[in-house]
Amino acid sequence: MFGLDAVLQNALKEDVGWGDITTESCVKPDRVVKGRFIAKGETVFCGVDVLLSVFALLDERIHITVKCWDGAVLEPGAIIALIDGPARAILVGERTALNLMQRLSGIAYQTRKAVMEIRGYSAKICDTRKTTPGLRTLEKYAVRVGGGVNHRMGLSDGVLIKDNHIRAAGGIQAAVKATRDHVPHTLKVEVETETLEDVRQALEAEADIIMFDNMGLDVMKQAVDLVAGRAKTEASGNMGEKCLHEVAKTGVDYISIGALTHSVRAADISLRFDNESI
Amino acid sequence: MFGLDAVLQNALKEDVGWGDITTESCVKPDRVVKGRFIAKGETVFCGVDVLLSVFALLDERIHITVKCWDGAVLEPGAIIALIDGPARAILVGERTALNLMQRLSGIAYQTRKAVMEIRGYSAKICDTRKTTPGLRTLEKYAVRVGGGVNHRMGLSDGVLIKDNHIRAAGGIQAAVKATRDHVPHTLKVEVETETLEDVRQALEAEADIIMFDNMGLDVMKQAVDLVAGRAKTEASGNMGEKCLHEVAKTGVDYISIGALTHSVRAADISLRFDNESI
Amino acid sequence: MFGLDAVLQNALKEDVGWGDITTESCVKPDRVVKGRFIAKGETVFCGVDVLLSVFALLDERIHITVKCWDGAVLEPGAIIALIDGPARAILVGERTALNLMQRLSGIAYQTRKAVMEIRGYSAKICDTRKTTPGLRTLEKYAVRVGGGVNHRMGLSDGVLIKDNHIRAAGGIQAAVKATRDHVPHTLKVEVETETLEDVRQALEAEADIIMFDNMGLDVMKQAVDLVAGRAKTEASGNMGEKCLHEVAKTGVDYISIGALTHSVRAADISLRFDNESI
Amino acid sequence: MFGLDAVLQNALKEDVGWGDITTESCVKPDRVVKGRFIAKGETVFCGVDVLLSVFALLDERIHITVKCWDGAVLEPGAIIALIDGPARAILVGERTALNLMQRLSGIAYQTRKAVMEIRGYSAKICDTRKTTPGLRTLEKYAVRVGGGVNHRMGLSDGVLIKDNHIRAAGGIQAAVKATRDHVPHTLKVEVETETLEDVRQALEAEADIIMFDNMGLDVMKQAVDLVAGRAKTEASGNMGEKCLHEVAKTGVDYISIGALTHSVRAADISLRFDNESI
Amino acid sequence: MFGLDAVLQNALKEDVGWGDITTESCVKPDRVVKGRFIAKGETVFCGVDVLLSVFALLDERIHITVKCWDGAVLEPGAIIALIDGPARAILVGERTALNLMQRLSGIAYQTRKAVMEIRGYSAKICDTRKTTPGLRTLEKYAVRVGGGVNHRMGLSDGVLIKDNHIRAAGGIQAAVKATRDHVPHTLKVEVETETLEDVRQALEAEADIIMFDNMGLDVMKQAVDLVAGRAKTEASGNMGEKCLHEVAKTGVDYISIGALTHSVRAADISLRFDNESI
Amino acid sequence: MFGLDAVLQNALKEDVGWGDITTESCVKPDRVVKGRFIAKGETVFCGVDVLLSVFALLDERIHITVKCWDGAVLEPGAIIALIDGPARAILVGERTALNLMQRLSGIAYQTRKAVMEIRGYSAKICDTRKTTPGLRTLEKYAVRVGGGVNHRMGLSDGVLIKDNHIRAAGGIQAAVKATRDHVPHTLKVEVETETLEDVRQALEAEADIIMFDNMGLDVMKQAVDLVAGRAKTEASGNMGEKCLHEVAKTGVDYISIGALTHSVRAADISLRFDNESI
């Protein structure tokens, strides 16, 4: 995964500092150890690349046998991977690997719950830019692993015209036109709307995607009907606290949920060493 | 705060890429705007430095008037800060600033709730190394802002002898001795214990801090009595799901909680622009 | 401009090494100098930000008065900017500033010539990913300054399905579908076609943009008619050597030209010091 | 080559962003492919290290068989190298590798043409500091590959006293002396001259190299005679537009040409996949 | 060793620049060479990791057979390691490897001399923060190799309350309390004292470590008696010029010496090539 | 000074980690302090830029009045500079500033002593590549401040043909020729010699500089006579332990001494706070 190593090296530097002094004191350099990564609660696993890369960065003699791949729905007790190799390096990398895997699996699990809630509807669960600074690519990957889809990755690879942009440009039509003239033609133009009148203007401006921001369910339903397939539609605004299948029932194409990535409950994953091995 | 600018520059680069193309299209370079950062739910604010630094990195003409300082307990609707300056730069930095302030305030709020729960007892709420990769210094700061205290920052500035270290070293006594011989004498030595027998050995080894890992409340009470002030004591192990005042009642000095930083609910903070200003 | 300072610092480090030893030997630290940046040949100027930033990085006492802004069409002899300040810092930055301004102005000028050649047609001149490693954002900016538009910035912010992708996916329809399922819905899907049959399939697959790769003018004309506005169309393939208005006459929406950035003739710009000033 | 990997990683990051989303969508991870790098026009190949390193950075399973080495004079259709390995990684690296190889080969070809033009004379073709920011080491290497020689790499590893330095120091003699006293004795001292009188002074000052800046051919001839081997001589000033063998005929030792690196026509090199392989 | 590669890459970049031009000129790429690293004077060797890592960074075909490990006390003429591999890469790395090994061995040797001087006493030789910028971790490691122990690594992983802190906090008691409330409980608190009265106050404040700064030997003896094991004691202040066994005789636990790292005499180590090998 | 800030930021990061926890605990943010940097022993001061830059990086409210400039010969007790500003930032930067200034002044002092020793002779004292990794530019600057001159900065900006190069190239003549053909003509070519026969060959090869490596004084005298001004001459090899004026008497142009930078005794400089100020 592109950029993963830089994230991991930064995380290791942050945790390890000038060395794991407890381990250096207690564990001889030549000691080897065996262990297994285990899911202690239900989750959707996400983090194979993290797992492999953290330990590859630390010691090439560490060997990992992956038992579950990204996207696997895990029961409590499920074995994620076996690990063996030099005890020192494994202890050094343990926390960094777990911190990231727990977070990503937490996101995948949360996303999957949202996806399950709207099963049967055509809507898709979608993320936002409300991600943890420095981890966006990883977190958006976890959303995909959980069955969701990605919105734009950042400010330069997608257009989202919000109320401030509209006011500054002098109306929806003007804003859409200004954007089309400036940005690569390879990008779609999305506009945020709050009322049916906004939606009408967005349609006239031939926006490619129309976001319904904090609309009530009734109005949203009318908005979907008004659009009638002429643009993609997206429901947004505290969706983390909404009854998602009610939203999906309106017929929107996408439901974007910031809480997927900004309010995560870490999955409970741990590394258990084989008793006889150390 | 040391290292903050590097975190923020990384976060901005991640979000902004080669530019905020929507804003560049819709908002003229010379347009200025006014707004206010508002807490939409109850929280403990944490993030003054983040707020000031994000926008200082983007445009020195942005002016911020801070209304709440780190540690302020906020009611819904509380104004955190006023901002005015070039609209483009403010829109570019908005999401990065909010993402971090929301996370840090969420941690401070969660910590404060734990601190409140054990009010009247001598125990202190304490964090762990289960932090978000890349954000440890900031997240540990947020714990302090919420009224908690910090455990070691990483593997090189504190000693925590766990079961694997004990096994590898050949017992608690041997492990403590090995550590004392190796690490700077400016650091205390902490040992993880699971039974009263472990505690006895840790005392004999003159450990400075004894951690009670996943002990039942009864045993923990006996352990505290056994230690009798000869070492600092720390309760640990899924404390996020425990009744904290029951734990505090045992007389332990510290209760360390990983969930303070690994499972955070972002505070609801937003930037509202003055209608007439854009 | 985002990321500009990093490019300039790298360039300065590359050129200056541990110091401008000639200047340090010959020029006293307190000597000040005046000069002017002059276009010695016809060009379209591009590089105000470069000019200001190079010298701002070197010495804040340097003062620059900009006389021409990005996009200005310059006659030989035109004054671009006046500069005065410490002679040492100005001599240190001179080459780095000129190297970049000459390149960017060269691109803008070349782009403008292409744009002029198709004046009166609806087609737009568009760049590619054939840019100088490390300078893509700057070079694509220069294309916009010259009146062109940008294609995707890189592999992650746009979709371009080429023949290899089509073969690997098992046909145009399969490739378009696979892409739609995987990428953010904020991006359009572009497909490369070589024959009218390819174009037909791309239309059926509802591609957003159809590229005509190395098509003859006759076939291209038929392809445009076949598409009939149902997708955007783009002519590509050695366009740097084609008669551009013939291509534009086919009715395509975009003509993408790699040579705009891969084969640049640097503009002739120099810094002339006022005789009496040094 | 020293520093090459940093240039390539930067280039890859710039192009790849968070991933090649088209390829990820269409090409399965286990698909392998075969192809060949081909020169489509006449050129002097330069870029073996680039080719090997780009793909080594991406996937160690990629295998490259080099058919032409740096300096090879290629006819249209010449095969440069064979490549096989995972299709995804090859597609990701293709553009970055080509962009650099095309530029470097373009420089080598242009240099060789200049070298050929002065065949039979003792003069050598030499580069300048007018290189692309960030690519100087590579571009100067390409000049050597094309048969040219290098001038100083930057401001700290060579001395070139120009008119401004002379004025600031108070004459050629003073400037040469000041420089000799300040810089490492391992460096030669070069002085720019415009008239025969300047040349006389430079000789008296015992300059190691005397540059003739924008001199007419007649004066240059007299200057060479005047120097009579007591210093190396270098012709400079818009040499890219001069009749080089006329310049060489004056007997100068070096002819330095900025256009070798600032105005490059990219060589036409492409990667063709074997039809049956993907 | 954590962070070593970054130090070495920086050192290599500093020395090698764009290439070892002498070696490239004189030594063919395929030439191999054999040699040995030899201690030319008495020393304590320190630098196995440096030696292995420098050459591993340069060329994986270089093979090193280590003959002496860190801590070995060497007589003049002792062979440290054998090396063979590509001559170019070995010549490129020679100076960087030697510069660091010579410095680290010099520190280890100097430390060992101090340790030997107080043999028989319980005191330990200890380093300070007076290290070479950028090399602290390595230099502190060399102190351990020489038989010394480390003081805190930096300002964030240890507490040392000096006179300015005491004055600012309003007395020793206040300073110790303020520190205990703020820093992780995993760190000890050390206070600097100058008089017996200071020592008394430090004991009342229950400081963990008491530093005697520039005390005369008599007073120091009384201070040790006063402390009577209730805290660790540390002698400090120009210890590099003191008669160390006199200091040790007072009974202090630690003697910290800045000169161990700030005034180092490089060990005389060189790389000798086998005559027939090149 | 070019690159200084990067060195200082690295040094500060190394020392400060996540914060100066002692100072944060004891010193209020708004406290200001005054102090003076004092030379406690005789030295040649070197480090004005270091002093100004360290504190400029930490807090722009710190004000420094420089009393001594680089090169000043200081008596014990001399005041180097006055400082006032926020106490926290001054305490944070104190050690980093002192560590570097002490080292650089130590080098300048040592160099000056060598320069004084050969007063009256034409020889110049010169440094080598035996510098501290990461600090070469600064240390070579300190040599100049002490009255010495610089040898090449690294492997790419100077040519030094040693015995291994000579053997590999097949003799002195071949080595000099190979180098002249490969390196920029702006560099001189230096050859190491051990015998008069070597010197003769070096003269025939028209080397620009001839190094006498570990020659006895008698032979060296003959070598100087043999060269007779046809090349620059340089004495080398454990010069730190030689009687320098005896070497100078031979008439060599340069005496290069590794110990100037590899075995430094730090100058004794300290920061004394005004008693009433904190």
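List of remarks:
Just so it is clear, A, B, C, D, E and F label the chains in written order, and each chain counts residues from 1 on its own.
Everything below uses one rule, namely that contacts are C-beta pairs under 8 Å (C-beta built on N, C-alpha and C of every residue); 3 or more make two chains touch, one makes a residue touch a chain.
Being a predicted model, the structure only gives us computed values, none of them experimental.
Counting hops only between chains that touch, subunit A reaches subunit E in a minimum of 1. The chains in contact with subunit E as well as with subunit F are B, D. Two copies of one sequence, subunit C and subunit F, touch each other mainly through non-matching residues, since under half of the numbers at the interface are common to both.
Comparing mean CA positions across the assembly, the chain most remote from subunit F is A. Using the average of C-alpha coordinates as each chain's centre, E ends up farthest from subunit C. Subunit F has its Cα centroid 52 Å from the Cα centroid of subunit A.
Subunit D and subunit F have Cα centroids separated by 33 Å.
Note on chain placement: the centre of subunit D and the centre of subunit E lie 45 Å apart, centres being C-alpha means. Looking at subunit C, one finds that residues 16-19, 137, 153, 156-157, 159-160, 183, 187 touch two or more other chains. Listed by chain label, the pairs that touch are A-B, A-C, A-D, A-E, B-C, B-E, B-F, C-D, C-F, D-E, D-F, E-F. In the complex of the two chains, the subunit E residues touching subunit B come out as 126, 149-153, 156-160, 183-188, 190, 208-209, 232, 253-254. Contact residues on subunit E toward subunit A in their complex (touch as defined above): 1-3, 137, 140, 153, 157. Taken together, the subunit D residues at the contact with subunit A in this complex read 13, 16-19. Note for the complex: subunit D touches subunit C at residues 7-8, 10-11, 14-28, 31, 33, 87, 91-92, 95-96, 98-100, 102-103, 106, 129-137, 153-157, 159-162, 164-169, 175, 178-179, 181-183, 187, 259, 262-266, 273, 278.
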